[in-house]
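Just below is one structure, and these are the notes that go with it.
Labels run A, B, C and D following the written order; every chain starts at residue 1.
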Amino acid sequence: MARMTMIEAIRDAHTLAMEADDDVVVMGEDVGYFGGVFRCTAGLQKRFGVQRCFDTPISELGIVGTAVGMAAFGLKPVVEIQFADYMYPAYDQIVSEAARLRYRSAGEFTCPMVVRMPTGGGIFGAQTHSQSPEALFTHVAGLKTVVPSNPQDAKGLLLAAINDPDPVIFLEPKRLYNGPFDGHFDRPSQSWGKHPLGEVETGYYETPLGTANIVREGSAATLLAYGTMVHVALAAVEESGVDVEVIDLRTLLPLDLETIAESVSRTGRCIVLHEATLTSGYGAEVTALIQGECFYSLEAPVLRVAGWDTPYPHAQEWDYFPGPERVKRAIATVMEG
Amino acid sequence: MDKETDPQLHVPEPAIRPGDTPDFSHVEIPRAGEVRRPDPGENPQEMRDLAFSIIRVLNRKGEAVGPWADSLSDEALQEGLRHMMTLRAYDARMLKAQRQGKTSFYMQHLGEEAIACAFQKALRKGDMNFPTYRQAGLLIASGYPMSDMMNQVYSNEADPVRGRQLPVFYSSKEHGFFSISGNLATQYVQAVGWAMAAAIKGERKLSVGWIGDGSTAESDFHGALVFASTYKPPVILNIVNNQWAISTFQGIARGGAGTFAARGHGFGLPALRVDGNDYLAVHAAAAWAVERARRDLGPTLIEYVTYRAGGHSTSDDPAAYRPKEEGAAWPLGDPILRLKTHLIQKGLWSEERHTQAEAEVMDGVIAAQKEAEAIGTLHSGNRPSPREMFEDVYAEMPPHLVRQRHEVGY
Amino acid sequence: MARMTMIEAIRDAHTLAMEADDDVVVMGEDVGYFGGVFRCTAGLQKRFGVQRCFDTPISELGIVGTAVGMAAFGLKPVVEIQFADYMYPAYDQIVSEAARLRYRSAGEFTCPMVVRMPTGGGIFGAQTHSQSPEALFTHVAGLKTVVPSNPQDAKGLLLAAINDPDPVIFLEPKRLYNGPFDGHFDRPSQSWGKHPLGEVETGYYETPLGTANIVREGSAATLLAYGTMVHVALAAVEESGVDVEVIDLRTLLPLDLETIAESVSRTGRCIVLHEATLTSGYGAEVTALIQGECFYSLEAPVLRVAGWDTPYPHAQEWDYFPGPERVKRAIATVMEG
Amino acid sequence: MDKETDPQLHVPEPAIRPGDTPDFSHVEIPRAGEVRRPDPGENPQEMRDLAFSIIRVLNRKGEAVGPWADSLSDEALQEGLRHMMTLRAYDARMLKAQRQGKTSFYMQHLGEEAIACAFQKALRKGDMNFPTYRQAGLLIASGYPMSDMMNQVYSNEADPVRGRQLPVFYSSKEHGFFSISGNLATQYVQAVGWAMAAAIKGERKLSVGWIGDGSTAESDFHGALVFASTYKPPVILNIVNNQWAISTFQGIARGGAGTFAARGHGFGLPALRVDGNDYLAVHAAAAWAVERARRDLGPTLIEYVTYRAGGHSTSDDPAAYRPKEEGAAWPLGDPILRLKTHLIQKGLWSEERHTQAEAEVMDGVIAAQKEAEAIGTLHSGNRPSPREMFEDVYAEMPPHLVRQRHEVGY
């Protein structure tokens, strides 16, 4: 075991994957010499050479488009989109190409590629450095979508994603890079230095895609979250004094519906959390699934706590961010229902 | 400052529309043999002239002339003619099959046969094309079984892509033919990525991007040129300028540039412009670009000047936007006729042999068609199971898809 | 009143809007001289000149990107994307630019623009001529999303969309262009010639955005649909013999939640239909809203009938399309629940 | 064919990295006054040379020489100097304010002040810039109130964009400054659309697209050039080549092209390359392009050669990827110093007046800052109400947003 921030854990995963497999290559804007604006790829170019880790022109289309070609050749490209907010120019290549290549060629050509991107707010990044576009990926057949919430998972999930034979969208909550964040923006920042999940297994391991993690057992209600919202959920639950179960989804697609349904059937109440815009967000899908699976156990409607249906504002960051107060209110509401 | 003017939107218009008399006198066509052939290693900055002329080998008399001649043996030329004839016969049969309701859709190559057929012969096994829907010649020239092409067009049980794709969206890794997308231009940049991968691995393989004149306006075209220009991998970027993009003439996509080949100049890429109806010119230009790639000298951009003599697809009637006689007036002629004349002129062919070859080729196509139709056509006979609809979305079927498959009863 | 196909109704709306307002301009691939691959803009160039209706290069990014600039100038561009499947290159301009311009400039610059695109399957168009990407728009704050199901609505909704001060995504179910289609692919095609909604008001009228339409009253359950699925719903209901209420949503965002909630509270059962891929489809949002609004009236879980989570296949078109048989089964299930 | 070679990925690298000695000897810089000035109406095909040189007016001695000189009056030159000094002082104060925690983020213009300041003076009311985040000079040169700029940077209650945008993402229709996006390049094609609208309406207004060297790789750059080349509306397309895109040197985006201006050649657009640190050269080139637009002669592409002397933003430390001394070694010098020298040389300015002007300018900036800070800074004082978060998503608030606003208690 070793102490790592999420950045270090991601870097470690890259290093191990590149050591294990010559076909793993890394590229993106500023990822080469400089090592990425968040330093997630620092040291890779020096260690593995410019042919395996290099800077690209500022063209998200080009990054993903060439990665699709590389993957079809037989490489395993791991590409970084500097912020999730900038993935749109690559969206066509992701949706129309990466996601459908195996299907339309009946397995003749495949696309084992990982597209990493920092997501979420909490750093005063405003509308172009704060978005959480996961629902735009979960709607697309052929993609897998992963969101880690801590260094231990980030490393294991990234290694599993790189090893996956299909394209994986790997969303990294940037507010968690250096420490857990429970939404109490007015308290001092935490670091991973003292958090139990900042203690990361050394060496190669995979955290299988498609398995959720019950991070707090409880019996009164089930709180479903991923990424930063896992920490918000935990804080809100402690503060609420209600015995709520908290599940970290980790992989949005494929979703570990079994674990979720088991929990909600047991507790009879459910809240889904995310930072992304409410309408047609991923919470809608989870809610629809749960009301289908657990209809006869539900004591109250499934509640969604999410970002408002507005762009992510700058000055009003903490009015936008679905923090512990909103979650606590939701817990109270769902317990009344 | 000179006097100001009220600005206007300048909307380019083709010189001729239905009702007018076809007129291609504005198309500047140099004489065959006129364009120089620089060494493939020459500095691209020194060969800008090649983007503004047209490399031609076959002259009016059917002779092969000039520095780009002689890239092919007699046998290869005869084989080339047969490939083009086969493609044309295949098109004719499939168009008819579509009209008979045996499939939903078809796209033909009429007038453009030389380009893919000749280009393919400059490649070797291990190279990869990223084609559009109008390059079936690549498959024919690489010996892909025609009945498999038809199985794809019919979406029958033997369709290599399991009924999932629109007719003509073939895929064959073995034959260096990348799965066709349907979204224009997207594969152009993938071709560059594939070549980057070859470069990263140090494997002696090259890739070829294909795009239509109209599609050069798409973003992926730019992405491809930016990455090709930056990393200089072994890729050849082909632009098939067949004058039309559905109903839109090439002036709309080309705008103020003299030619599509000129697009390469902004990226420091060598850019050739080639007579696309001249099998020999296409092959020679391809071979030149292939040499650049194999010597790791970097990418080449090639524009083929040709004419889409048929409709865009079976859903299109070009009489609505261009004179019916325009095709006949096209000054670069018919690629099959031109190669045939060349072979006759060389004493390698005759009218009789041609008639006989036509019959043979058609027999072959009909035999393949019988084979395919015995398996099934879109609306009749064996077709891929609905079960297959759920396969290959992922390598391993995730639980939610298993569930959905069960709902359908499989 | 005049008999019109949906194509003619759309053309009529264009003509009236261009007559009424010089600032309305129309552009897209093949829309000018030729009048569009579906003929929806036929005659406009001849009538209004090349400065107001013109062909564009094949660049969806360019079409929408220049339209944003035109709209900011003060024009009202109405642009056509040839098939919805080809909107992805324009997605960045739609999501990051058109949708957010008013917000980020605090109302100083606006984007009154309509992006029309044919959607849906049923014409053997396979994966690249069959998609229904509405959920990718409803997730985006700042956009409105409209889906007409008949000529009368198509005209009125399009006129309302053109007149709207904000960007509107206008999705046209191509299988309805020439006639209603109830999913019975093995029966002869219908035309609008005899359908009551093929009778279209002449002259200028608007069908307000954000109002659903109860197309069949019923008491046993509520079926929510839009576009082609409205006709499938109606056929399935007749064949099922169950007294189901059918609501045509018409506008997905803003959604007429009031009408929906009133109906579901009354019937206690609900099915949501769409052709798009199930997971994270628009049905998820509607389901999540209904279970929230009508929790205590629901007798059974809200059911979703939707396209499978695969690309739209060619040969298996009718296995993919959610036709009347699947809807009837859903009615039976929801009535049992 | 020559011998084959194993292909390699050619990854462009800057000549110098931290630890090396700065060396710009590979940057070819013509002498001031050397580049010809064609008539704006000349055929673009005849002026390709202009994309491969650098238009310069001020020579080493500070004299204005050559055919591009004399586009500005003495007063205008003095005003220009003051604008640049104001921008630099503004930057200094805002950088400090960010370090003091008064806002979250800032981006400076150090070394690039001439470009936006001079360009703006070639425009008139009604024209519209589509700027990036590094063109605040446009606002300063057009007389936009500095306290409003600061209100934006502080996201306070008087912020014209209501706290919604990242600092420096200004917006002012009145001052011809389009709302900044944050997504690179997207506005380049919008500028073309705006000019198309002006052309459609026949209104005598022009638009200006702005983009950085690195961002030319984006798709919107291509979209802009395609549409500009096709419809020839009154638009000027500016590329600010400041050598760096965050940590990436310009060779990565430029690839094999000699220059960014050369990108215009593939589209038949006239393309200029200009000394971006020379206020007079920038203004003269701008005026030339403006004349083209006003005479409805079509778009112009201009590359400004400059150097980003500061960090990319307050989140960036350039010492990690380039030598600290690189800025000082930049051969085109400092734009303020160069104009100052010119004015002194012309007898219009002196060291004393400069020192005095510096103090005056700083006083002005400090006064504006006091005004803005009296209203509030990001984390203290008056800020826009959370209620505003829900406004302007649409013209009229739809029911679901009203509901959400109520949840927040407004």
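Assume a contact is a pair of C-beta atoms (placed from the backbone, for glycine too) under 8 Å apart; a residue touches a chain by one contact, two chains touch by 3 or more.
Predicted model, so just to flag it, every value in this text is computed and none were measured.
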item: Chains in simultaneous contact with chain A and chain B; value: C, D
item: Chain separated most widely from chain C, comparing mean CA positions; value: D
item: Inter-centroid spacing, chain C versus chain A (mean Cα positions, whole Å); value: 31
item: Rounded Å distance between chain B and chain C, as computed from the means of their C-alpha atoms; value: 36
item: Rounded Å distance, chain C centre to chain D centre (Cα mean); value: 41
item: Centre distance in Å when chain B and chain D are each reduced to the mean of their C-alpha atoms; value: 42
item: Chain A, residues touching no fewer than two other chains; value: 51, 56-57, 59, 61-62, 85, 88-89, 92, 96, 103-104, 127-128, 141-142, 253, 279, 309-311
item: Sites on chain B at which at least two other chains make contact; value: 8-9, 11, 162, 164-165, 169, 181, 183, 195-196, 198-200, 217, 219-220, 222-223, 226, 230, 252-253, 255, 393, 400
item: Chain B partner contacts - residues on chain D that touch it in the complex; value: 1-12, 40-41, 44-45, 195-196, 198-200, 202-204, 206, 217, 219-223, 226, 228-234, 252-258, 262-269, 287, 291, 293-296, 298
item: Chain D-touching residues of chain C, taken from the complex the two chains share; value: 25, 51-52, 56-57, 59, 61-62, 65-70, 72-75, 89, 92-93, 96-97, 101-110, 141-142, 144, 165-166, 210, 253-255, 257-258
item: List of chain C residues in touch with chain B within their complex; value: 29-30, 32-34, 37, 50-51, 54-62, 85-86, 88-89, 124-129, 278-279, 308-311, 313-316, 319-320
item: Residues on chain B engaged by chain C in the complex (per definition of touch); value: 8-9, 11, 13, 17, 104-105, 155-156, 159, 162-167, 169, 181-185, 214-215, 217-220, 245-248, 252-253, 255, 315-316, 320-321, 378, 383-384, 386, 388-390, 393, 400-401, 404, 408
item: Chain C - residues contacting chain A, complex; value: 85, 88-89, 91-92, 95-96, 100, 103-104, 127-128, 135-136, 138-142, 253, 276-277, 279-285, 287-288, 291-292, 295, 298, 300-304, 309-311, 337
